[in-house]
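Two complexes follow with chain A in common, the first pairing it with chain B and the second with chain C.
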Partner chain A sequence: MDIKCYIQSSAAISPQQSFTGDYIPQLLPLTERNLMRAVEPAYTGFIPPNSLRRMSRLLKMGLTSALQCLRNCNSAVPGAIITGTGRGSLQDTEKFLHDIRTYEETALNPTPFIQSTYNSVNGLIALQQQCTDYNNTFVHRGFSFEHALLDSILQIQEGVAESVLTGGFDEMTVEHHYIKSRIGYWKTELTQPADMLGSDTQGTIAGEGSVFFLIGTAPSAVELKGMQMLYKPTPEQLTASLSQFLTQQGVAPEEIDLLVSGRNGDTRFDHYYDVAEKVLPSSVEKIHFKQYCGEYDTAGAFGMWTATQELLSGRHKTALLYNNFYGEQHTFVLLQGSKS
Partner chain B sequence: MEALKLKLKQQIIEALNLQDTKPEDIDDNAPLFGEGLGLDSIDSLELMVLLERNYKIKVEDPREGRKILQSVQTMAEFIMSKQAA
Partner chain C sequence: MAERVLITGMGMISAIGNNVEENFRSLRAQRSGIGYSQYVDTIHRDVLPVGEVKCSTAELAEMAGITDATGFTRTTLLGLIAMQEALLSAGIRDAAETPTAFINASTVGGMCDTEKIYFDILDPEKEGTFLQLIDALDCADCTQRIADHTGLTAYVTTISTACSSSANALMYGARLIRAGLVQRAVCGGTEALTRFTINGFNSLKNIDKRHCMPFDNDRNGLNLGEGAAYLVLESESFAQRRKARPMAELSGWCNTNEAFHPTSPSPEGDGAFEAMRKAIAMSGRTLEDVQYINVHGTATLNNDVSEGRALERLFGDNVPSFSSTKPFTGHTLAAAGAIEAIFSVLSINRQMIWPNLNFNARMEELRISPETRLLEESPVLNVVSNSFGFGGNNASLVISKYGY
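Then we have the complex of A and B:
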C-alpha cells in the first residue's frame, strides 16, 4: 500500500461479551439449536427513544456498534461509511414477506419494507452523525465485509477519505436457520462450540453479529497491511496465493506469530485450512474464531476484530486472518501490531 | 365511541411500538403529530395501514388523511362515520 492504513478503533456486538469491558473469549453452551445469538447491549445511550421504537434488531446492533466504534476514538464524522452484509435485516424481510402473503399484497406496513433494504444501517449512521460523504453497502454473501474493507482501503489509497467507518453485520432468525438447515449449512446434531472443530461431520454452528472499525491514515497500534480475496481456489492455488500474498506484503511466513482462522468444523471445507496452515510454521499460534461467533456471511469482520484485540494486547506482533465461506469465498488479511 | 377510542389507542401503541405509553396517557383530542405523541410521516403511513387492516377503511386522498389523523377523536369519528355508511 502506498499510504499506510491503521485500525484506529473498533467495536463488536457478538455472541461474546465483546461490546464492553475486557474481552475474554468463552466457549458458549448451546441448549436448543446450533446457533450462537449475539449479546445485545443497552441501546438507550446510543439511539433516541423515538427512533429506537421503530428499529429492528439488526438495525439497532449495526447502528450501536458503529456509534461505539466512533466514540472509542472520539470521532464524530468519518470520511466515508462502507459496510457489508450478507442478508441485511432478516427480521424485517421476513415480516414484510409474511405480510404480503397474509394481507394478499395489500395494507403493507412501510417500516419493515424500508428497513429490509441492505443499506438501512448506513443510512441511519449517516443521518445520526450528519455524514454526507461516500456511503456504500456491499452485499456479496461471504465477500460482503471483505469488499467493504477493500473499498475502504481504496478510498484511502485514492486520497478520497482519511478515515473510513467500515463494518459488517448479519443476524440469524429461527426461520432462516431452518431454511439453511435444509441445504446442509448446520450440523444436524446439537453440537457445542467446544466440540465443533473435532466433530467429524458436515455443517457448522450458525452465528451473528455486528463489527465496525475506523480505518484511517493516522498511525495507531494496529496496521492493516493488506488483504486478498480468492473465489473458489483449488488447494494448489490457495497455497500459491498465500505465499505470493505474504511475499507482496514483505512478510516471511516465520514472522507471523498468530493465525486467526475461520475453521468451523465442517468436514467439507476443513482441508482448505489444512492447506493454509502448511504455508506457515507449525509453531504458529492459532485462534479458530468461529468457535466464538459462529458462522455467518460477515463473520470475517469478527475474525479481524479478534486479530486486532490480540495485537492490541501485545501478545502478538503479526497476525494473518484466513477465512473462507463454505469453500467459495476465501480471504487473507494481514495485520501488524506495534505493541510488544 | 369510548370503547372504540380505547381500542384505537391500544392498536396505535402496538402498531407504532410506543414503549412506556399506556392508553390513558393518550388524550382523545391531543394532536398525534408534532406535539402530543410526536409522530412523524412514516407513522402516518402506519396509521393508514392500521385503518385498512383493522377497519377495512382505505384512505385514498392524502388531504383527507391529514384531517382524519389529527387525533384519536378524529380517527374514531371517521371510523364510525364509515361504519354507519
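Then we have the complex of A and C:
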C-alpha cells in the first residue's frame, strides 16, 4: 500500500463483555442451544428514546457500536462509512414475512420492511453523524466485512478519505438458527464453547455481534498492513496464496508471532486451518476467536478486533488473521503493532 | 493519471426484452413492459402493475441452459442470462482465463422463491428438496451460483444499497481495476419481483395503480420491475491488448449520502446534486458536455421533486435532455443502475435519446420537464445516469463515448 493505513479506534458488541472495560475473553456456558448471544449495551446516551422504541435489535447494535468507535477517537464525521452484513436485520425480515402472512398482505406496517433493507444501519449512522460522503454496504457471507475493509483501504489509497468508519454486524434469531440447523450449520448436540474445537463433529456454534473500526492515515499503535481474499480455493491454492501474500507484505513467516484463527470446530473445514498453520512456524501463538464470538457471516470483524486488542496490549508485534466462512470465502489480514 | 475504465461488453434481461437488442427495439418502438404480473403470487396482482420479465422461471432456466434447476432461483437465472450475454458480447469465451472480479448487486436475493416455501422451512414435519433453497435466503447465493457457473472468481461479492446497488457495483468494480487489483470486472445486479417487495413498497404507499408517470404533476408512485444487467469493465490497456471492442468509457462516478431521512430524499436534492456534480467533475467533462441524463425518475412524489431540483440547481437554465426509462422497465431496484447504464451506452452508440413515457403535465415545483419524444440522430457523447436509494444513498455515473 502506498499510503499506510492505521486502526485508530474500534468498538465491539459481542457475546463477550467487549463493549466496556478491559477485554478478557471468556468461554461462555451455553444451556439451551448452540448460540452465543451478543451482550447488548445500555443504548441511552447513544440513541434518543423516541428512535430507540422503533429500532430493531441489529439497528441498535450497529448504530451504537459505530458511535462508540467514533467516540473512542474523538471523531465525529468519518470520510466514508462502509459496512458488511451477511443477513441484515433478520428480526425485521422475519417480522415482515410473518406480517404478510398474518394480515394477508393488507394494512402492513412498513417499518420492518424499511429496517430489513441491508443498508439501513449505514443510513442511520450517516444521518446521525451527518456524514454525506461515500457510503456502501456489502452483503456477501464471509466477504461482507472483508470487502468493506478492502473498499475502505481503496478509499484511503485513492486519497479520497483520510478516515473510514468500517464495520461488520449480524444477528442470529431463534427462527433463523432453526432454519440453518436444517442444513447442517450447527452441531446437533449442545456443545460448550470450551469443547467446540475438540468435539470432532460437523457444524459449529452460532454467534453474533457488531464491530466497528475507524481506519485512517493518522499513525496509531496498530497498522493495517494488507489483506487478501480467496474464493473457494483448493488447499494447495490456499498454501501458495498465503506464502505469496506474506512475501508481498515483506514479512517472513517467522516474524508472525500471533495467528488469530477462525477455526470453529467444524470437521468439514478444519483442514483449511491445518493447511494455513503449516505455513507458519509451529511456535506461533494461536487464538481461535470463534470460541468467544461464535460463527457468523461477519465474525471476521471480531477476529480483526481480537488481533487489534492483542497488538495494543503489547504482547504481540505481528498478527495474521485467517478466517473462512464454511470453506467458501477465505481471508488473510496482516496487522502490525508498534508497542513492545 | 489513473487508467481509463472501458465498457467492453453488456448483457441484460428486463420487462422489455430478453437481451440488449430486444431492449433497444422496445425503447425505440416506445413499447412499455408494464402490466399485471403472471408469476408473483400476491393479492395485488391485478391491482398494482409491474415490469415483469415475460418468461416463467422454467423458461428462464431453459434460456440459461440449466438442465437441473434445483436451487436456482429466478434471481439467479435472470442474472445468469444477462451474464452469459455480457461475456459473449465482450468476446470472452472462457472467463476463467483472466482473473476477473464479479461485483453483483441484489436487494432481497432469492426471496422470490424462498418466500414461497418459508413457512415449510419452519415446519419440522416438512422435508424435501425445498430445503436446498435455504441458502438462497441471502444475497450471496445468486452471486456465487453465477460466479461458479461462469468462472469469475478473482473477487466475488455483492452490494446492497437499495435502489443504487448496481450503480455502486459498477463503481466498485471500476475502482478495483484502477487500483490494479484486476484488469477486468463484471458488474451489475439482478432482481426478481417478490411478494415481499411489492408489499413493502405498497405499505409505504409508494406504488401507483396506473402506469408510472415520472416527472408528471399527477404522478403517484412507482411500478416495481425485475431484470438483470451486467457490464464488462476492462482497463484500457488490457482491452487494447486483447483487441476488445470498446462500447463506451465509464468516465466518472460518485457515491454520496444525503444524511437526511431513512427513506426520503431532501426536497432540494442535496445528495443528487453532489453526486452528479462530483461524477461530472471526475469525468473531466463540463456541464455543457452532457447531452443526456438518464434520471432515477421513479415517479414517487419525493424523488422527482428532489431530483428535478438538483438538476435545476446544477445545470441552471441549460438542463440537458433528461428522461426516466422506468415507464418501460419498472423500477428494478438493485438491477436499475446497471440496466440504465446499458441504456446510456445505447444512447451514445445509437445516437438516440429515450422518451419519458406517460408524461402530460409539468410538475408545479419545477421549471423543467423531461424529453417525451424519441430523439434519433441526436449526438450523444456523455450521459449521466442516476440511481438513488433508501438510506440516503445517491449514486451517479458518467458514461462517455470512447475516444472523446
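Note that in this section the second predicted complex is superposed on the first by the 340 of 340 C-alpha atoms of A that agree within 3 Å, B and C clash if a C-alpha of one lies under 4 Å from a C-alpha of the other, contacts with A are read in each partner's own complex, and residues count from 1 in each chain.
Here is the rule we use: contacts are C-beta pairs under 8 Å (C-beta built on N, C-alpha and C of every residue); 3 or more make two chains touch, one makes a residue touch a chain.
Note that the coordinates shown come from a computational prediction; the quantities given were computed from them, not determined experimentally.
Chain B and chain C, once both complexes are superposed via chain A, fit side by side. Of the two partner chains, neither chain B nor chain C is touched by A:236. In the superposed model, A:50 makes contact with chain B only, not with chain C.
Contact with both chain B and chain C is seen for A:108 once the two complexes are overlaid on the shared chain.
Set against each other, chain B and chain C touch different numbers of residues in chain A, with C touching more.
In the superposed pair of complexes, A:147 makes contact with chain C only, with no contact to chain B. By the document's definition of touching, of the two partners only chain C reaches A:136; chain B does not. In the superposition on chain A, A:32 contacts neither chain B nor chain C.
Least inter-chain distance for chain B and chain C in the combined superposition, rounded to the nearest angstrom, is 8, based on C-alpha atoms. Overlaid on A, the two complexes show chain B and chain C touching the same residues of chain A, namely 106, 108-110, 114.
The touching residues of chain A, counted against chain B in their complex, run 49-50, 52-54, 103, 106-111, 114. Touching chain C in their complex are the following residues of chain A: 81, 86-88, 96-97, 100-101, 104-106, 108-110, 113-114, 116-120, 122-124, 126-127, 129-141, 143-144, 147, 151, 154, 157-158, 175, 178-180, 182-183, 229, 231-232, 328-329. For chain C in complex with chain A, the touching residues are 42-44, 106-107, 115, 118-119, 121-122, 131, 134-135, 137-140, 143-144, 147-148, 153-162, 168, 172, 175-176, 178-179, 195-196, 199-200, 202-204, 255-263, 270-271, 274, 389-393. Touching chain A in their complex are the following residues of chain B: 15-19, 38, 42, 45-46, 49, 52-53.
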